[in-house]
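The data blocks that follow each hold one structure.
In the two complexes that follow, subunit A is the common piece, with subunit B as its partner first and subunit C second.
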Partner chain A sequence: MTVVIGFEGSANKIGIGIIRDGEVLSNPRRTYITPPGQGFMPSDTARHHRAVILTVLKEALEQAGLKPADVDCVAYTKGPGMGAPLVTVALVARTVAQLWGKPLLGVNHCIGHIEMGRLITKANNPTVLYVSGGNTQVIAYSERRYRIFGETIDIAVGNCLDRFARVIKISNDPSPGYNIEQMAKKGSQYMELPYTVKGMDVSFSGILSYIEEAANKMLSSGQCTAEDLCFSLQETVFAMLVEITERAMAHCGSQEVLIVGGVGCNVRLQEMMGVMCDERGAKLFATDERFCIDNGAMIAQAGWEMFRSGQVTELEDSWITQRYRTDEVEVTWRD
Partner chain B sequence: MTPDHLVALLCPPLHNPRRRRGGNMAPEKSATVPQFLRGAELVKQGAEARVYRTQFLGRPTIVKERFSKRYRHVALDEKLTRRRTVQEVRSILRCRRAGIPAPAVYFVDYTSHCIFLEEILRSSTVRDHIASTQQSASCTVQELDRDQDRELVQEQELEQLAQQVGQILAKMHDEDVIHGDLTTSNMLLRRSPEDRGSDLVLIDFGLSYISALPEDKGVDLYVLEKAFLSTHPHTEALFQKLLKSYSASSKKSSAVLKKLDEVRLRGRKRSMVG
Partner chain C sequence: MAASGAESRPVRGKTNPETGKLEFFLDVPFPTPQEAEVALRSLSPDREPRKGGISKQLTMSGSTLSVRWIADEARILRVSVNSFLDHLSLVVETMETFGPPVPQ
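Moving on, here comes the complex of A and B:
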């Protein structure tokens, strides 16, 4: 039996999870929530993480009913993400690894999402749509790499949604994306927005500029409601995501889709992806907010796979990096 | 654009092409196939279009039918489908006028979003060609150096192909046509009748548009680069050959390649350099 503890804190979530051979023993998490109209700044986020990380660690061990001695390996997020929060979490991971005398393992955050999705859904070899506040990628596995077939050429879809929420002052609690999703359910009027798909890549910055410019005018003139804007924005950006995913599937001849990342728990996105899969006779795999949104277990799971295939990170190599592409990691645990 | 009687001749009144909501997939599909395509052979179900093989006024013809996507909002779907049909035809014509090999457009039906195109006979995709060449090359490695010459020939052949691709793309960009979905699956190698060499034919202009901006051309190449390298592992050098030939063939290449470098760096999680 291999027990891995995973530390995640690359953005505004701090999570610590414990995995024992595919079983999630515990996965507590805290979120740093900012007031409406504001995003989260790296230094404030790091301060938040520092304040709660030991409590979360205690919870993780208690809920799992384990002692440090039962842990075989300490995995942490090496990147990509915000510098200050990454440093905070890596520092704690490094410290406990030395205190407990356990090997360390630096994990790519995106790989964590993919491996967690595969574990929970049992998807075998899916085309992966990874959508979050920091990333938008269509990924497929080939020859020991998770290769990126399509991605955003500017900002991430979640970033587009978050920043739109700030423009019209939607609450960040529990998350801007969740609140947009709820409001969109009450929207009915479809407002035309820019639609930018380039091959298997997408672009969201144009949509954001357009809506930043137009939103408050449209609202004050009574042309549409905030709910209509949420609805139209979701319909547009999700259609773009489904389109590039389908194109990647057609390109790779894939019959499975796995959605991961924070935006992946949006039910409307899952629904649209499901319709596309139905039409192609493909199968959709998705998870809920526990595993879609950044969490510690996903880092533990990727760490578990890496550890079992013989990888460890030496102390002097246990740094972090803000930029770390999914396709940089050699996948030593898959054929 | 085309006389109405042609439509009547070809397409007896359509069944309501609008899809029913929900329900089973199989019966629904057949219900949405335009009547004039009922007898046609379905060649491929792509991401956004169905491709049929049929005859048009006695000629071998490929019909590309853009079907509506139920996952997207009706208004968005109609807008995208119509815009892409128009743009596709426009770009093909522009390429052909400039002497860039692309299928001839026989007929367009904007009601059912169907484009009738010349079938490119005796052809295979560049994707299959590269894959099979690579495969046979790796086989010969195992047969030891007896076949080293053959391997070299194959490598040269691929380089020649990459050069050809670079030239054609340069020409296309000089015409301000942005393909929008450059992959090796969207390029065909057509063998000449007497089997003397082969020429390259560009297909699937479904995401194309007209633009003179180096930015758009750079992104076009970036799309190809990513598709190329992810489809054909270990071909970095080959793709460099392609870019080199592109830059040699186009008058405006330096601005485009500069943009390509910029676009590459724009991917937010790119590794940090320096």
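Moving on, here comes the complex of A and C:
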């Protein structure tokens, strides 16, 4: 049996999870929530993580019913993400790895999402749509790499949603995306927004600028409601994502789609992707907020695969990196 | 157990008259050389985020961790020292909660 503990803290969530051979033993998490209209800044987020990380670590061990001696490997997020929060989490991972005399393993955050999605859904070789506040990529596995078929050329889809939420002061609790999703259910009028697919890639910054400019005017003139805007924005950006995912499936001859990342728990996105999959006779796989949203277990799971295939990270090589592309990692654990 | 930044020995800072650069020294005593080494190895891997204008060197001698900064500007030095002290106190707190190191 191999037990891996995973530390994640690349954005505003801090999570520590423990995995034993595909079984999630514990996965506690805390979220740094900012007031409406405000985003999370790196230094404030790092301060939040520093304040709670040791409590979360104790919880992870207690809930799993394990002692440090039972752990075989300490995995942590090496990148991509915000520098200051990443360093905070890496410091604790390095320290406990040394205190407990365990090997350390730096994990690519995107790979963590993919491997957790594969574990939970049992999808074998899916085309992956990875959508979150920091990343938007369509990914397929080929010859030892998760290859990026399409991606955003500017901001992530989740960033577009989060920043729209700030413009019309939607609450960040539990997350701006969740609140937009609930409001969108009450929207009825579709307001036309720019639709920006460029080949295999997507762009969201123009849509955001447009809606930032127009939102308050349209709301104050009574042209539409905030709910209508939430609905229209979701329909537009999700349609773009479904389009590039479908094109990637056609390229690869793939009959499976896996949605991962924080935006992936949006049920409307899952519905729209489901319609496309039905039309193609393909199968859709998605997970709920426990595993879609950043968490420690996903780092533990990717770490488990890497560790079992013989990888470790020496302490001196354990620096964090804000930029770390999904296709930089050699996938040593798949055929 | 291990001393926090605030309890450490006097820090020393000055402007080097030959180079004109700011220099800052910090000594942090730990209970044992093993613990000083854990701190050194946890705090060393990440490079300064800024490309130029500052350098930071970590060394240990016995159970003391020593840090030496050389910087062009006080502002850059202050940011780096502050962030180091945040990191140091987190490492020390982790050692207090989950230490001492298991014998290898």
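What to note about this one:
Note that the second predicted complex is superposed on the first by the 335 of 335 C-alpha atoms of A that agree within 3 Å, B and C clash if a C-alpha of one lies under 4 Å from a C-alpha of the other, contacts with A are read in each partner's own complex, and residues count from 1 in each chain.
Simple rule for what comes next: a contact is a pair of C-beta atoms (placed from the backbone, for glycine too) under 8 Å apart; a residue touches a chain by one contact, two chains touch by 3 or more.
Remember, it's a predicted structure, so these values are computed and weren't measured experimentally.
Taken together through their common subunit A, the two structures put subunit B and subunit C side by side without a clash.
In the superposition on chain A, A:Val87 makes contact with subunit C only, not with subunit B.
After overlaying the two complexes on the shared chain, residue contacts for A:Thr95 are found with subunit C alone; subunit B is out of touch. Looking at the shared chain after the overlay, A:Asp335 reaches neither subunit B nor subunit C.
In the superposition on chain A, contact is made by A:Trp319 with subunit C only, not with subunit B.
When the two complexes are superposed, the chain touching more residues of subunit A, out of subunit B and subunit C, is B. Once chain A of one complex is fitted onto chain A of the other, the partner contacts of A:Leu54 are limited to subunit C, with no touch recorded for subunit B. When the two structures are aligned on the shared chain, A:Pro68 is found in touch with subunit C, with no touch to subunit B. After superposing the two complexes on chain A, the shortest C-alpha to C-alpha distance between subunit B and subunit C comes to 9 Å. Looking at subunit A, you'll find no residue that touches subunit B in one structure and subunit C in the other.
On subunit C, the positions that touch subunit A within their shared complex are 38-39, 41-47, 49, 83, 86-87, 90-91, 93-95, 97-102, 104. By the touch criterion given at the top, residues 46-47, 50, 53-54, 57-58, 68-69, 83-84, 87-88, 90-92, 94-96, 98-101, 315-320 of subunit A touch subunit C in their complex. Residues 25, 45-48, 69-73, 75-76, 79-80, 180-183, 185, 207, 219-220, 222-224, 226-227, 230-231, 233, 263, 266-272 of subunit B touch subunit A in their complex.
Across the interface of their complex, subunit B is touched by residues 80, 134-135, 140, 142-143, 147-156, 190, 192, 195, 197-201, 235-236, 239, 242-243, 246-247, 249-251, 272-273, 275-276, 278-281, 321-326, 328 of subunit A.
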